């Protein structure tokens, strides 16, 4: 059965806007924080990947649905799963939940694999295997 | 023929990350800046909407595709169009282009209409008419 | 002997810029995260203060010195102390240190106390007492 | 008589927080935007400096005083002057003013000059001369 990686944070004052709730764009910052923690946990820390540049894993698509507003001070858990693994890309899903279990947002990022020469490259086997441990059974968003 | 609203900005140092290009999440900040300018231009400035709270227009979906990296110092034009107008929501599309005409990203935000009581409400007729001037002929993303 | 509050974070990709290190302005976001954690720890969570509006504690001065660049992926500890407690304001100091103990930045925020009417007000006694447990012996920056 | 460089922006939704006004840390982002525009205007665009790496001009000190809250939608003018030019550093001042002329904040950034080897270096003569055109008569903050 697939694993789910958990990342936690709290809505800080700077996450909110004058409407009193999380500014929608900041959800992607938190999704990426969860992605960074997840990648470290599976042995592929992003700092080394960005510094090394091979493979690059640029985000080619990002998407989110917002279901309930997130307020200043609320504790949020991000549940991270791998939505899809392809030869030259992979997709990561994020479920944002409040302590009550209420699902407040979902997000997805799709990452292309790029070689040092800037051309599309194959997903390294080791990374594919690590990602596979968190692969959702159904790829539904 | 539908109008297209144009918003311009330059990639600032804080927009970039250690990979040397625009951090993907910041695209949504720029899309929202373009949306704010657009709403002011059509006579519906967001500051009044947020302060008044009626109607609220929270973003319920946001999405972007990234086609070419945006580098520090590059001038970007965002071309804003309305993708869809429904009874209780509307969608706005953003095309990010470089001075060369190269399309580097597209984004979409979907806005629900909310009454002061927190329930879904009808899009006000005046706002619907203003948005309609920028409605794309084909809703393809 | 005065207490020191500790807050930890890691430099994320979005914290860095194309120069490869923490963008200076983001240091203040992290200082404020440390301040929020600290205020919760001493029983004065900011979310309640901001929502209640009495007292308001707006920042009237902020300052930072940068000694060493902070790189993507580095673990940072922020050591929080109270620099000064006055009748109608207080100041908080932040020392940013790497795991090696290297001090990479220091920052200070000065907070005014405001009543619900928007006029300066006295620092509530309970808050003053809680802050005093973390008061530095020498107010040097 | 010294020149003053002018940079304009509007407070966007994402600049504000749940307290309804500009989040203090974002002032530094806007100060840096003004700095980037200023540097381009005097023929020293930052993108080339960051990409070239010689000289590096890292910020070693940043400071701001906040006098009046800035609200969503307000138009702000930043008036940029050079506060000080030294052999191996320089300081830039920013006055944030509303359309009414009200001064809402002031900020200062101090930039060290670094050679490609990471050691302090002399401010290039051409840059010093360009900065000197904007040098304030009195260095008071």
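For reference, chains read A, B, C and D in written order, and residue numbers begin at 1 within each chain.
To be clear about the criterion, a residue touches a chain if its C-beta (ideal position, glycine included) is under 8 Å from a C-beta of that chain, and two chains touch if they have at least 3 such contacts.
Here the structure is a predicted model, which is why all the values come from computation and not from measurement.
A.B. asks: Taking each chain's centre as the mean of its C-alpha atoms, which one ends up farthest from the centre of chain D?
C.D. replies: The most distant chain relative to chain D turns out to be A.
A.B. asks: Tell me which has more C-beta contacts between its two chains, A-D or A-B.
C.D. replies: If we tally the C-beta pairs in contact for A-D and A-B, the bigger total goes to A-B.
A.B. asks: Distance between chain A and chain B based on Cα centroids, please, to the nearest Å.
C.D. replies: Chain A and chain B have C-alpha centres separated by 23 Å.
A.B. asks: Roughly how many whole angstrom separate the Cα centroids of chain B and chain D?
C.D. replies: Using C-alpha averages as centres, the distance is 29 Å.
A.B. asks: Suppose each chain is reduced to the average of its Cα coordinates; what separation in Å results between chain A and chain D?
C.D. replies: 34
A.B. asks: Touching two or more other chains, which residues of chain D qualify?
C.D. replies: In chain D, 13-14, 17-19, 23, 25-26, 29, 32, 47, 50-51, 71-72 touch at least two other chains.
A.B. asks: Which residues, counting only chain D, touch chain A once they are in their complex?
C.D. replies: Interface residues on the chain D side: 13-14, 16-21, 23, 25-26, 71-72.
A.B. asks: Which residues of chain D touch chain B in the complex?
C.D. replies: It is residues 10, 12-14, 29, 32-33, 36, 45-48, 50-51, 71-73 of chain D that touch chain B.
A.B. asks: Which of the residues in chain A come into contact with chain B in the complex?
C.D. replies: Going through chain A, the ones touching chain B are 17-19, 21, 23-26, 28-29, 31-32, 47, 50-51, 56, 58-67, 69, 109.
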